[in-house]
Amino acid sequence: MGKGRLEAFSDGVIAIIITIMVLEMKVPHGNTPEALRPLLPTFLSYVLSFINIGIYWNNHHHMLHTVHKVTGTVLWNNIHLLFWLSLFPFATAWMGENHFSTWPVALYGFIAMMAGIAYYFLAHCLADIQGKDSVLAKALGKDRKGILSVIFYIIGIGLSFINSWLGFSMYLLVAAVWFIPDRRIEKKVE
Amino acid sequence: MGKGRLEAFSDGVIAIIITIMVLEMKVPHGNTPEALRPLLPTFLSYVLSFINIGIYWNNHHHMLHTVHKVTGTVLWNNIHLLFWLSLFPFATAWMGENHFSTWPVALYGFIAMMAGIAYYFLAHCLADIQGKDSVLAKALGKDRKGILSVIFYIIGIGLSFINSWLGFSMYLLVAAVWFIPDRRIEKKVE
Amino acid sequence: MGKGRLEAFSDGVIAIIITIMVLEMKVPHGNTPEALRPLLPTFLSYVLSFINIGIYWNNHHHMLHTVHKVTGTVLWNNIHLLFWLSLFPFATAWMGENHFSTWPVALYGFIAMMAGIAYYFLAHCLADIQGKDSVLAKALGKDRKGILSVIFYIIGIGLSFINSWLGFSMYLLVAAVWFIPDRRIEKKVE
Amino acid sequence: MGKGRLEAFSDGVIAIIITIMVLEMKVPHGNTPEALRPLLPTFLSYVLSFINIGIYWNNHHHMLHTVHKVTGTVLWNNIHLLFWLSLFPFATAWMGENHFSTWPVALYGFIAMMAGIAYYFLAHCLADIQGKDSVLAKALGKDRKGILSVIFYIIGIGLSFINSWLGFSMYLLVAAVWFIPDRRIEKKVE
């Protein structure tokens, strides 16, 4: 089965997620810079999520580039990933509105962690189908980056109960690591 | 006429439906787990609908995979299906906000049933065009699965007037049956 | 220049318009059929707009099927059409919430008329580019259907000041006429 | 790496941005023309943003038409552009609701300027990859139009502190200049 519609549907869902998050930044009533100030945490939260969703789209793009066959299992693994991504707007808004307090930061980390796990499953499901010698299987290897980011999210969730900004910093760290597109795949293609 | 745009438009509408449902989970004001608790029924309702819409996308994908020609009648049957799917966000939110009480559960079942009927019409319209010996026509056969799920929804609607959780269980049952992608088509293709 | 992205962008915008209209049906607080009753006019308004937008997508699909070249002028004519279509959710909600009273019905007719005019310009701009002997130019002919539906909308707007349901009936009439996909193009292709 | 998904994702995000802006025009409660009057500034603001986003889509379309290769850097430059475009609905609504007063007009100009800068980076990144003798590199040249529009936005922001309508006029001027699709590229292709 072709991968075309899988890409189109994922592009659609991810495009909507990344865009509707902005609707959570409610337009303030005043017309002064002071009226915008209360929105700063929401904006900061929005920027992190925009980058995170951007990273997922970017790597999803890279990953499927090397893939030729998809199966029903791949479709469901993909929908599973999209489910956790679809919860980002909620977690983003809750974290922003509550000025990065403990529980909202922990929930954000939980949803980011679940998305990371779903991405891990999708990547390995795709690699299995393409075969051991496929570009994707070799590029993934032991997939330290994927496993490490899930561990970092778990640490971040724990840290957010000590100081929520510590937890938030861990999420920034994971984003920074993934910001660079997956060179592993680009290298193997060459 | 090519099927490309039919797929693209359906992908777009289904991607939006599956994503805007999350907007019905209003961000709570508190920052504690207790503040999230009232959202649990809405979240449960969201999960069921996410799976249901995922199933429709998945099977729509499988079904159109075997199709080469589409006509004006197909386009309208497809728009008819999208109409009932577009009412899922409303029914999902009403059911969630009212903690799965009788009438909202019945309405959810009604809309799911109508979507099932619309899908049945679309499938048979496509099968007719491809011809009796087409992969799709053979895969559908007497389409017991399609007819049974409509019957199950009718039973579910009836049961929801005795106990709304009984009705809801029927909807879960239908989702479980369809969760597995339509192997009939995959088999026939092989 | 290829028409692929023009189709993709139009599909995207039309898919979003047809889907976000449902967000105007606010979920009621009660859990009884009585709680749904006040939504009936909004639902009726939604159904008409869903059909109207479906008609535009359908005919846009048919029209571009025969087209091979697009220019900058075509892109702007298309964006002009999308602009008027984008106002349907607003007009639909205003008409529904005010139970089809005079001014909202007149505004709905005005926006539908402007969309009709924009479609007329797009169709003729495309026909000019393809040449006099193109399938599209022959299929359009004098384009009585396009001109008549604009006239019907003008009559409908006028009638809505006598009795708003009379105006609304005219809009239903135009929808009924266009409901059938543009056979003119299908015939000429054969 | 192919440009197909980059176009599809950009089309999706831009289609959503251009469409959800209309959700900021809240449906009024009255059913008279007077009830619509307070929405006029919001509508005017919406029209300008619809044209601006339309211009970006149009030129994005033209620019990518000549491109064959995309890299990870291009993907991130594109996401950077989409980030600033995604803030248009917020800036549009704030400017409209506050009847084009100073700070909202200045913020609108700032976001428009940042989008212009992001577009400039994307264009030059793409030109670098295609090579000095590519159609795109020659068409861009010294890119006076791109640089000038950023300068005009800066002037507009400054003017909005003297008279906000003067600032707004500058934004209209930039829109008028870009309204005409980028003939430079069309000419070079020929």
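A few remarks follow.
Think of it as A, B, C and D in the order they're written, each chain with its own count starting at 1.
By our rule, a contact is a pair of C-beta atoms (placed from the backbone, for glycine too) under 8 Å apart; a residue touches a chain by one contact, two chains touch by 3 or more.
The model shown is predicted, which means the values in this text are computed figures rather than measured ones.
Summary of the copy comparison: rotating chain B onto chain C for the best CA superposition needs 90 degrees, to the nearest 5. Residues touching across the chain C and chain D pair largely diverge in numbering: under half of the numbers involved belong to both copies.
Once the centre of each chain is set as its mean CA position, chain A and chain D turn out to be 26 Å apart. Centroids built from CA atoms put chain D at 37 Å from chain B. Shared interface positions of chain C, i.e. residues touching 2 or more other chains, are given as 8, 12, 15-16, 20, 23. By the touch criterion stated above, chain D contacts chain A in their complex at residues 1-2, 5-6, 8-9, 12-13, 15-17, 20, 23-24, 72, 75-76, 79, 82-83, 86-87, 89-90, 93-94, 97-98, 101-104, 107.
Every residue of chain D that touches chain C in the complex is listed here, in rising order: 7-8, 11-12, 14-16, 18-20, 22-23, 25, 27-29, 31-33, 36, 47, 50, 54, 57-58, 61-62, 65, 179-181, 183, 186.
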